[in-house]
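The two complexes that follow have subunit A in common; it is paired with subunit B in the first and with subunit C in the second.
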Partner chain A sequence: MNRVGIPRSLFYYYYKDLWIDFFDSLNIPYIISPNTNKNIMSRGETVANDEMCLSLKNYLGHIDYLKDKCDYILVPRIRNFKNNNQTCTNFWAIYDIVKNLFNVNILNYNIDLEKKQTLKKGLFKIGKELNKNNHQIKKAYKYAITKEKKRIKQNHIINQNKLKSKKKKILIVGHPYNLYDELIGKDIIKYLIKNNIEIIYSDKFDSKITNPLSKKISKDLYFKYSKDNLGAIAYSEKDINGVIFISSFPCAPDSLANELAMRKIKLPYLNLVIDNNSSFTGLETRLESFLDMIGGKLND
Partner chain B sequence: MTKIAFPHMGDYHVPANYLLSHIFPNTEVIKAPKITSKTIELGTEHSPEFVCTPFKYTLGTMIECLEKGADTLIQMGGGCRYGYYSELQDKILKDIGYNCKVINLVTEGKTNIKRINNLLKSIEPKYSKIKALYYGFITFKMVKYMDKIDDYIRENIGFELKKGSFESLKEEMLIAFTHIKNYKDLKKTYKRYLDKLHKIKVHKPDNRIKIGIIGELYTIMEPFSNYFLEKELAKHHIEIKRFTNVHYLLFEKSHKYKKYKKYAKEYFKYNMGADASDNIARCKYLCREDYDGIIHIKSSFCTPEIGAMPIINKIANTYQKPVLFFSFDSATSETGIKTRLEAFYDMLEMRKDK
Partner chain C sequence: MKDCYLGVDIGSISTKGVIIDDDNNIITSTYIWTEGNPTEAVKKLLNVLKKNLPKDYVIKGIGTTGSARKLIGLMLKANIVKNEITAHAIGTLTFYPNIRTILEIGGQDSKIILIKNGIITNYAMNTLCAAGTGSFLSSQAKRLGINVEEFGDYALKSKNPVKIAARCTVFAESDLVHKAQVGYPKEDIIAGLCKSVVLNYLNNVGKGKKIIPPIIFQGGVSKNKGVVKYFKEILKEDIIVDENSHLMGAIGIAVLARRNKTGNTYSLEMSNLKFITKAFECHKCPNTCELLKIYRNDELVDSWGSKCGKY
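Here is the complex of A and B:
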């Protein structure tokens, strides 16, 4: 049976629901690697190059976990979304890195809108590779994409409602593969929830609305995912009490875009860069004093 | 009067200076001071923590240029985050307190003629396009000639009989290039120096060691940032092959990429950003030809090259060729580099003797 392995890292956090709907609708069995744990991370570190960013190491760890548990591993490649919206070069290279480091069957599609390689074409390609016919794929794609569009709208509305909340509001700025990863960002978010903070996620806004707003902070920015982040700041600036930047060490686009944002915004902010030696105790002290500071600001 | 300046990269300040001073007669071109450890300190002090090293180098130079009186700075860009340097550098310089303008000619690794035209207009509104095209043509030819001569020097400098003869001749040529009047003049000067170059006596033994250098473009082209690696190799009488130069980046990259892709199709399918895929193909080439070793250099945190490194390693393993990786940072120790280089060199000699 053709079982597809989905690594729970990087692309997963952008496309998980879409993929799951798509595969479910096509009746294709799949396995998703578990939440990141120490074992997976150390597997990644063994395979990866020292200097790779933490998120990429993590991704390779998930692939290593999946390599003997399925017939295919889903490794897309994303290059750009047209009109000055490219991704980090790791996203360009990831297919070739996995291909060279692991001896596995890869289910790959390429998103490069400048060359007219769309998500739709990509999903059709993998559908065909899994021996489904055009009609079935078309149906599955339609089903998955309509649900996805609804989801984006809903998330946006949820975030907007949160902005009206009476609690202290903090915008978490970061890539979803860091924010929701069990080892990278989960602890930070848990801590904030425990302290009764209303968390607004930078990736849950509708990027069609936020991306043009990112121009307020950075005119020349051409990284799509950083546009999401900075756009979210520009969108919610008036309603929030503070910003927490979360990035993995050493993220290339974040090193410039976040720095620029920090220099331009007038809100209190905290910059957390997570690497494989970060311990939560160290982060906790910093979070604590940040929350203190925000609290102080509110009482003034 | 506008005073314009730009960060260094190798000897390319000569053609750049030539171009700018000819198309902007009413603008003063300020020559950036030579990069020193002070420059790097300055750059590092004001840079974000984990940005790649060229950012720090160019920022340091920019500050030094502003100190010398420049008010307009020109920055280039590559296909990675290099293209996004200028906006942040602009902000950093303003935060320090300089009142300056930073112009970015290339974004996203793409050159857009219309955009460049607008930017040049902002420097000097009445600049002549025809003049710019003419001098642009001469400048690009100059770059081509310089790169050709550099290629020859790299292959021979380790074997010159009289030490320093190549270097002094090249310096002489660069000075001659600054006084060029027209294209004919340039061609004549180039031919003259090429002749002189070929007359320099070299002794190349048959069993000499040949090394190919690949890696990230800025670190390769700016000798200060690679701790004068090529000079160090020349001292050991090694023939050097290098692929990346400005002529390659401007004119050859796009069509060579297709060839590279075909040549190394078992190792990469997609463009991996900046020069990463190019370097993978070059690595295969060096492995298959009679080169003794490969040196891969980059600045620390260079994302595209980091992605290429495991693949380069794999190729070298397949072909049983030694490869040495250097990752340069502003804090790299020079002795460390020399020791590693020496060990590498010894290993190559031993392999050769076998």
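Here is the complex of A and C:
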């Protein structure tokens, strides 16, 4: 039957729509692991090495959930996007980590533009492994990539419109796999929405536009997602009231990006580092005071 | 009858209460240890305050702040519950309207608040780690066999503070043990600890922040003269320490209680109040939320921790 398992973590948040369009078009059945819950997270923590970051532990928990529910698990290796746009070293290693820890069939493709391994080649590779012919894959790829390009444009326009909003605007900077994860970032987002804040997500900007702008903050950046994030700050700095930088513990690229952002921008700035703490109290104190601050209502 | 307002700041280590009048004069105040039981601590606190409050005052507002603010807010039926950063800023600005930088080191938290024209422009709080806060100092004091209150005097005696790793409490502790075993005098070690608290603070919450005078230092650790000395030395600026520096959060929240008064009157009589919390884990879905149910006189007033909103 060839059912593909998609872990709802890490790469899922970058490529979910593209993958789903691609598999749908090829008529390949798939299963997506559910929203992260404590059970999944603790499964991840048991198999993971303690030096790994929270997000990676979470990813392994999702793999553990999927391991006996499908025939393949989709684990790409996303390495670099050329021109000093590397990804996190955990992303380079993840295929090997999964292969070592789990006895599962892995559906893998590489993105390594320095070695000319493109997304297109990758999707053709997995299409063939799932016994589809060239013609079918070509059609599916075209369908998925056209929709993806449209989506990126649309998201960028939505973000631009949000920047014109009359509400208090906060740019949320972080990796999508942290921001939208049910257990990592969701509570923060919910809290901000409840308090009537216009949230602008750093990852919803078109990275073609934001990525080069990161040069305004630093010319020496090495990681693609740090560049995207800092570029998003540079892009929207003039129109927002504050920046909240969310990262998972202990993210190495973020620890650099955060330091840079904190020093270079002149807006109210809050850094939240999420570990597997079960209580929201500490975060709430920081968020509440941050909103008090950008509200400026202290001396009424 | 004159109106007055109660502010309660329930921190991890100590609980502070203050009653102010309409002109921000402190009528009475008190400071006790929380000892891991905020509800009991607040009951004790109110007893002391009640005894010291002149009979011709009525309480027209109650505010709570600090890490147990929500729980105690429910218990006292407070008319305002606010985070400690806002409370500290407001308390300080009431007495020092021109202040630019607030340094605060408490029991578990440390923060820095930057202010311009009476408005907070930026702040930072320690993230995951409680290194270099009050609880660190008090545990080291225990190790050295002296009272944490005497720490400052010891530190001032020292001429050569030893170097102690400032980054992490665990490393600092092993450094401290080594230095003691090698034979350094106590006052030099204590001075080194105080200095490491300052360095840790400036490298941690203070990093990347422009510290502009006038600077005020508050929180429990501000009572430690050694720490104050090294702040002055390292920042090369004068540091203001108010005699009520430990009360600023409570004062701030009392001011907010006055601004948000509803017209209700409050009583300080809590000795008959039954205020219980029950914790349990829900197993109806894989989230296994840790829930806390709060009962006031056997009546369920609130429950916290549910992700789905079922409770």
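Here is the rule we go by: the second predicted complex is superposed on the first by the 295 of 300 C-alpha atoms of A that agree within 3 Å, B and C clash if a C-alpha of one lies under 4 Å from a C-alpha of the other, contacts with A are read in each partner's own complex, and residues count from 1 in each chain.
Here is the rule we go by: a contact is a pair of C-beta atoms (placed from the backbone, for glycine too) under 8 Å apart; a residue touches a chain by one contact, two chains touch by 3 or more.
All values reported here derive from a predicted model rather than from experimental measurement.
Of the two partner chains placed by the overlay, only subunit B lies in contact with A:E51; subunit C stays clear of it. Applying the stated contact rule after C-alpha superposition, one finds that A:I193 touches neither subunit B nor subunit C.
In the superposition on chain A, no contact is made by A:I157 with either subunit B or subunit C.
By the touch criterion defined above, A:D96 lies against subunit B but remains apart from subunit C after alignment on the C-alpha atoms of chain A. Judged by the touch definition given at the top, the superposed model places A:V273 against both subunit B and subunit C.
With both structures placed on the common chain, the touch criterion links A:K38 to subunit C but leaves subunit B unconnected. In the superposed model, A:F249 lies in contact with both subunit B and subunit C. Comparing subunit C and subunit B on the residues of subunit A they touch gives the larger count to B.
In the superposed model, A:R286 makes contact with subunit C only, not with subunit B. By the document's definition of touching, of the two partners only subunit B reaches A:A257; subunit C does not.
Subunit A residues 249, 259, 263, 273 lie at the interface with subunit B in one structure and with subunit C in the other.
Contact residues of subunit A toward subunit B in the complex are 48-49, 51-53, 77, 79, 84, 86, 88-90, 92-97, 99-101, 110, 218-223, 249-253, 255-257, 259-260, 263-264, 273. Listing the residues of subunit B that touch subunit A in their complex gives 48-52, 55, 79-81, 83-88, 91-92, 95, 104, 107-108, 267-274, 276, 300-301, 303-304, 306-311, 314, 327.
Chain contact summary for the complex, subunit A toward subunit C: residues 37-40, 249, 259, 262-263, 268-269, 271-273, 275, 277-278, 281, 284-286, 288-290, 292-293, 296, 298-300. Subunit C makes touch with subunit A in their complex at residues 67, 70, 82-86, 89-90, 93, 118-125, 127-128, 207-208, 259, 285-288, 290.
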